[in-house]
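What follows is a group of structures, each given as structure tokens.
Same chain, two partners: subunit A is paired with subunit B first, then with subunit C.
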Partner chain A sequence: MTVRFALPDVGEGLHEAEIVRWLVGVGDTVVRDQPIVEVLTDKAQVELPSPAAGTVAAVTVAEGDIVTVGTVIVEIDDGSAPTAAPTAGPTAASTAMPTASVPIGTEGAAPPPPVPTIPTGRASGTRPKASPSTRRLAARLGVDLRTLPGSGPGGRILAADVETAARPGGPAAPATTAAPAAPAAPATTTETAGPAPVAAPLPQAGPLGPVPVARARATLGQLPAGTHPLRGIRRLTAASMAQTWSTIPHITGMDEVDATALLEARKRLQASLRDSGAEAEAAALTPLVLLAAAVARTLRRYPLVNAAVDPDGTSVTVRERVNLGIAVATPDGLIVPVVTDADRRDLVSLALEMQRLAGAARDRTVSAEELRGGTFTLTNYGALGGRFATPLILPGQAGIMGFGAIKERPIAVDGAVVARRTLPVVFSADHRIIDGDLSVAFQETVLGYIAEPLTLLLGA
Partner chain B sequence: MVVGEIPESTGVLVIGAGPGGYAAALRAAQAGKAVTLVERDAVGGTCLNVGCIPSKALIGAATLFHDAGHGASLGVVASPTLDWPGVQSHLQRSVEALTSGVRQLLKAAKVSVVTGTARFMSPTRVAVEDDHGLRHYEFDDCILATGSRPMALPDLPVDGERVLDSTGALFLTARPSSVAVVGGGYIGVELGTALAKLGVTVTIVELAERILPELDRGLAQVVLKRLRELGVTVLTGQRAAGLSADGLGLALADGTVVDAEKVIVAVGRVPNSDTLGLDHAGVRPQPNGRLAVGPDRRISRHLFAIGDLTDGPALAHKATAEAEVAVAALCGEPAAFDPAAIPAVVFSDPEIATVGLTTAAAEAAGIPASSFRFPMGANAKARILGDTAGYAEVVVDGDGTVIGVHLAGPHVSELAGEAALAIEMAATLEDLAGVIHPHPTVSEAVLEAALGAAGHPLHVHRPPRRSG
Partner chain C sequence: MDTSAVQRGPTDAELVGMLQTMIAARIYSTRCFNLQRQGRLGTMAPIDGNEATVVGCTYALQPEHDWIFSQYREFYALGRYGEEVIRRQVLYLAGHPEGSCYPAGVNVFPAQISLAAQIPHAVGMAWGQLRQGLPGVSVAFFGDGASSEGDFYEAANFAAVIKAPVIFMLINNGWAISTPTARQTAAATFADKAAAFGMPGVRVDGRDPIAVWEVVAAARARAVAGEGPTLVEAVTYRLGHHTTADDPTRYIPAEDMAAARAKDPVITYAAQLRELGLWDDAAQAAAEATAQAAIDAAVDAALATPLAPDAFFDHVYAETTPRMERQRALLLELEGKGQS
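Let's turn to the complex of A and B:
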């Protein structure tokens, strides 16, 4: 029986989604709830699980297509005899949330999965002829060996065949069996302010598809000459950056503050947590957590910064809650999960939530809900290096604060030049509602908390 | 360490410390993960404690005892005596040497080893029960490696006294005069052969129409012939009905009674997927008890299964290979379990090694195949050893690529690695035939089979056998 899988409503009120990448191809054996396709909604990129076990009979939409909810995107032959032909749409919708996938739905009797074919070569007549090292190379480079002619004796696929195919314009289609590489945080050499290395969106999610982070440096900015469509997060980023640049008149202030007290405070808080056995909490308590707390309190004090100019440009809406977006770089681009009520959380709660959301953003388990409702954004661009930047405000907000790399730099203290670890702080504001005086007052309040972290105890 | 409802968090939780689980734990620890390894019984699992290792130790002792008394044709005349407790302590020492090595490796890798029985409480939480109570673990990733246990027969419940499973058969405190082995698969054949060589009267009872039904018929025939030479009675197409009315033998379904001081049940193994509380993790085993996994051994994003829990042969080296795949996958590397072949070896007499496709399996898969069998009788080393039963067979596909190697003969288990290498590398017949094999060794039989399959055998005068 063929199970037709229609695009489910993966978010609230979603109408359409973009097909970013097929994780399976026609003829592949899939197990129930195995991720089969990556789709991008207006809020998040999610993997959709297979509604049934069986063989992929047809893929009816292409990568890059924008598909409305309810459109059949894949057909899976579950190997059973045809019956009264129920479609998998409603069932799939209930299991399609991008949370950690639970392999067996509780919604009813699913057909027992067939014994999956174990690829030992014992049952397959079309096994690609390639040595284990060549197979691993193919998996790393994303080359599907089944589509690759081998140039070796007896049609054996050689490492050189795989390398040729992996070059842009090579003969092979992208691999569909390789597990997607889990994103990892880029290594940094300078001390950084937190767990979320963020910056201008990484140019990794081009039409060539996501690449493993380990290769990111080598592939950064690499694209053959010609015109390429913008897809996935890249397309969304392009649209929202253009919108914010053309509608919000930005002003950006830059300053630098001695971070010694902040780092010391963090160290002592961590030691205290460790003494009470709270190892995980201690690990989560990065300098960025203290900075987030400082910004959240400052937003309470200046409600007009926790606001947004309405789309028609004639009114401003001041937000009640302080929901901090934390920009997180992923191999596919920038994702901004939101810490709700950041001003009401204690440091431990803030730390754990920031850590959880950053992890969820990186491994793509973050839900659309967790990307909504931000009222102000933090960007820790210093994790990638750099001192000052002019970050762009997200649509629907009035400000964004960025932190550069903490480094030892010369500053003047009591008339003498000394080396201190300093933190560059930049603040972009919407000049339609925020003038220089408010901008400077806001930024100096944050700097005050950084210079004297104890004052965080006083609240807003 | 916190005891009670407050969970300890661990990066990777591995359940089961057999050759799959301990390898996964070591690899994950090497990758920098915080690893907790839960084991119900003893580190090393079935393989090291009650499977491969003690059984091969028993077979080794049995073969030495038997061969020492049968060396007259080589000019050696001896009457060895058997020290049964000595044999048993040899088994125990073999097990202890290897399991203590594993324990040391785990300790050095800073793997936290927890003894107890694991049950899922939720998709991300496992409770481990020991004599002192419950301990909860919250994990980022979990690898299930709980293996399998001997299948029970309702009519022949294992009592550890008259009726034994394979474990009980290995650790007998005294030599029985007679045993009936129910099950003529590789475990039954190995145990039956060893006991026969130790002077026990052995009867093997197999339900199928031949022993070693999982192997190619030609290989099974070599073993059957030798079993009969060893005085083993082989009854096929027979079902064991239970202990006889007088309790002194094994009753068969057709009414005959087999004399047996002990009855050994070796009819297969069942996966330990039913004791984990997997319903709390939202996981349901397949009807055969195995767990459905993707090529990267994932059940779901953070849950993996390896070894006897997954489909495929229940073999230690398959579990270890899957452990590598699962850990690579959870570390975010592209990884898939896609061997060209999973080698299998049987420590029967003679030994058997089978790697890749037989001609029959190739035909069934629609692959045009041909093969050549080189008899061990034409191999110099087998001659010297006075052990000429068996053959080496190489199977090739239409492109001349080696897709199967099947061996019966002295020490051929050691040649399975060469065969697997050839198949995994997609070697052609010319590759295999172009490799110099040392003389005089049994490995020359593989070379000769390849030469034969290529149509120009050297030491036999026979055209290649074609099929398909």
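Let's turn to the complex of A and C:
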């Protein structure tokens, strides 16, 4: 019969583990309690012993996979008739246990120790040396440790080595190579504390600012047929998006606004900055900065949008500060750094902070602290060229606003159809606390600032 | 070697019995470790390195009179108290409250997880033995780490004052989880602490079961004679994990572990008995086979015992309270919904 071996909780309250190395392959003969696989948990790297003697019939997860406790990882044919229960029950009949027998005490020489306790005799050359936290970091950043030289004692790979490698041009950059980074902040939705994005943008200059070219278009969506594990940021993204999709009832409003005045205002502000020699500040002043200022002021006017329904769904917490998450595309996916107190900054401060955070997100120097505490998120999906979208709210927030591509479009002005550069604006809200009236009021307030940027001077 | 000491101490049959029990301890513990790694038993603490201390101690006791108060690690090596101990231990690891219920005649208290909490229990039992004029002693097993707990100081002080027939078996295996002895105490030895209580403190090689036997036999004689408790510091080395939830390679230097493994008590004691002509390959094979069969039987029985998650309510009070009955009902309801 086939004994299916499910990943056990080898710690205390463990949920998942990474498959580090298979010590056996399909067709190999194993004895009971023979180590068959090394797994890495939050706490330690451990060897798992075979639950039965027999032949390895199938290995169902690959090295590098992160597996949930309870997932079948290997099937062992124990050679018995298929009438017995197909569980990993004890096989008392199999007495062969060479690797786990007690040391035969002869001359005091140390024979192979019993299987479990401290793993000894491990072929150290086959596995890169790194701590579990470094391995986790590498998995998150998509860095293959086997390709890295370690700078620590005895060639140990340090977190710094992984971070260096994860940077574009690093010694072993991730498979998804970064194109030259351009300054700005574009993209779609995502998460709060950790990396956890939605979809990566295409390489195009967006109308609101240059788009960092995260992935060459030709590389998008390329995967051979078959099942592939979700790793790193993609895995976190999947979990985050599934959570928000299944817990927050979204409503999304869509509208469009004449962006002429906004673009003109930006141009004049830039010219003014350049006149006073503030070249860097002028460059940082993208249209998205003005949009962020408009949203921040609007959040101040409608506190219930700057809020979140609490996890048990019975209360809402209104945030004191307005901290805007700005989705930034990176080679590995989206990261959402947070501009704190966006409502209290002047335009130059806002511009410089958005530029700094976008750069930090792209070159991986952004700190965990800078990814936390967002109360509302902006997504510049229009950098990809789209018009309308239905962005997903990040867990712990109540709304997300997205901006489509600015383009010349026909609109009616004073009874005549004219060509104007318009900006599509979409707003997804948590319908548990935000009804259509508030949703529309919020969106129209933002549109008002865009149509008449001078009113930003009035504050909220 | 000087065999005169051995001849004054345990008989040849006891010398062999000690080795058989040590081998069984290693096999029992290893099997339970592997079963934990296969998801079939809960967290456990391997015995590796402590066998000689526990076995040497228990062979100097009289199981029909003397009580064992152990922490979580020693049960695999309590073979001197009968095979029922390992059967109960596997039941315990499999989640059955019955694993903590030793039948009458097996003078073993259930595993104590709270550090040092078994030490006052041992003193309390010894006090009772004293007051009732019973012939036995009580033995508390605890570690170098547990010796920093207040329970140890209070219990040891009280025991010395009332001259309770108790033996404090402090197993100094070098590590309290990841804390080395150098960071555990500023005292030169743990045995030195006995002076503060006014009791004898003896330091013994915990890897030598014969030495431990002699020290404990003397301590027992003292206790039974009404002279009070003894603190025994048995020095050994933990040859692996603190528990299955721990990774010792992150704090025990590899060279230290290699040096300790070269003095593995199960191996060195077997070599010693071979020199004495008391042990050979056939004896080794037989001991391993016997232990393997015993643990397999214990495991089969434990895993075949149906789990009743609400059983633990039965063992808190003699009569369950209404509040606990409500909790039990809630648990069963959740279990019925597959949410337990």
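Following the convention adopted for this analysis, the second predicted complex is superposed on the first by the 245 of 460 C-alpha atoms of A that agree within 3 Å, B and C clash if a C-alpha of one lies under 4 Å from a C-alpha of the other, contacts with A are read in each partner's own complex, and residues count from 1 in each chain.
As a convention for this text, a residue touches a chain if its C-beta (ideal position, glycine included) is under 8 Å from a C-beta of that chain, and two chains touch if they have at least 3 such contacts.
Not measured: the values here are computed from a predicted model.
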* Give one of first, second, both or neither to describe whether A:P8 is in contact with subunit B, with subunit C, with both, or with none. => second
* Once the structures are superposed on A, label A:A130 by its partner contacts, choosing first (subunit B), second (subunit C), both or neither. => first
* Asked: With the two structures laid over each other on chain A, which partner does A:A160 touch: subunit B (first), subunit C (second), both, or neither?
  -> neither
* With the two structures laid over each other on chain A, which partner does A:L48 touch: subunit B (first), subunit C (second), both, or neither? -> second
* Asked: Looking at the overlay, what does A:A280 touch: subunit B (first), subunit C (second), both, or neither?
  -> first
* May I ask you to decide whether A:A242 touches subunit B, subunit C, both, or neither, giving the answer as first, second, both or neither? => neither
* For subunit A, which residues belong to both interfaces, subunit B and subunit C? -> 33, 100-104, 106, 113, 115-116, 118-120, 131
* **Contacting residues of subunit C [partner subunit A, same complex]** => 23, 26-27, 30-31, 33-40, 43, 46, 48, 239-241, 244-250, 252, 257, 261-262, 264, 266-271, 274, 279, 281, 284, 288-289, 291-292, 296-297, 299-300, 303
* Once bound in the complex, which stretches of subunit B touch subunit A? -> 2, 9, 123-124, 281-284, 286-288, 290, 292-296, 298-303, 310-312, 329, 331-342, 356-357, 361, 365-367, 399-401, 403, 423-426, 428, 430-431
* Asked: In their shared complex, at which residues does subunit A touch subunit C?
  -> 5-12, 33, 43-49, 51, 88-90, 92, 95, 97, 100-111, 113-120, 131
* Asked: For subunit A, which residues are in contact with subunit B within the complex?
  -> 31-35, 53, 100-104, 106, 112-113, 115-116, 118-125, 127, 129-132, 135, 139-140, 142, 152-157, 175, 177-184, 212, 277, 280, 363, 365
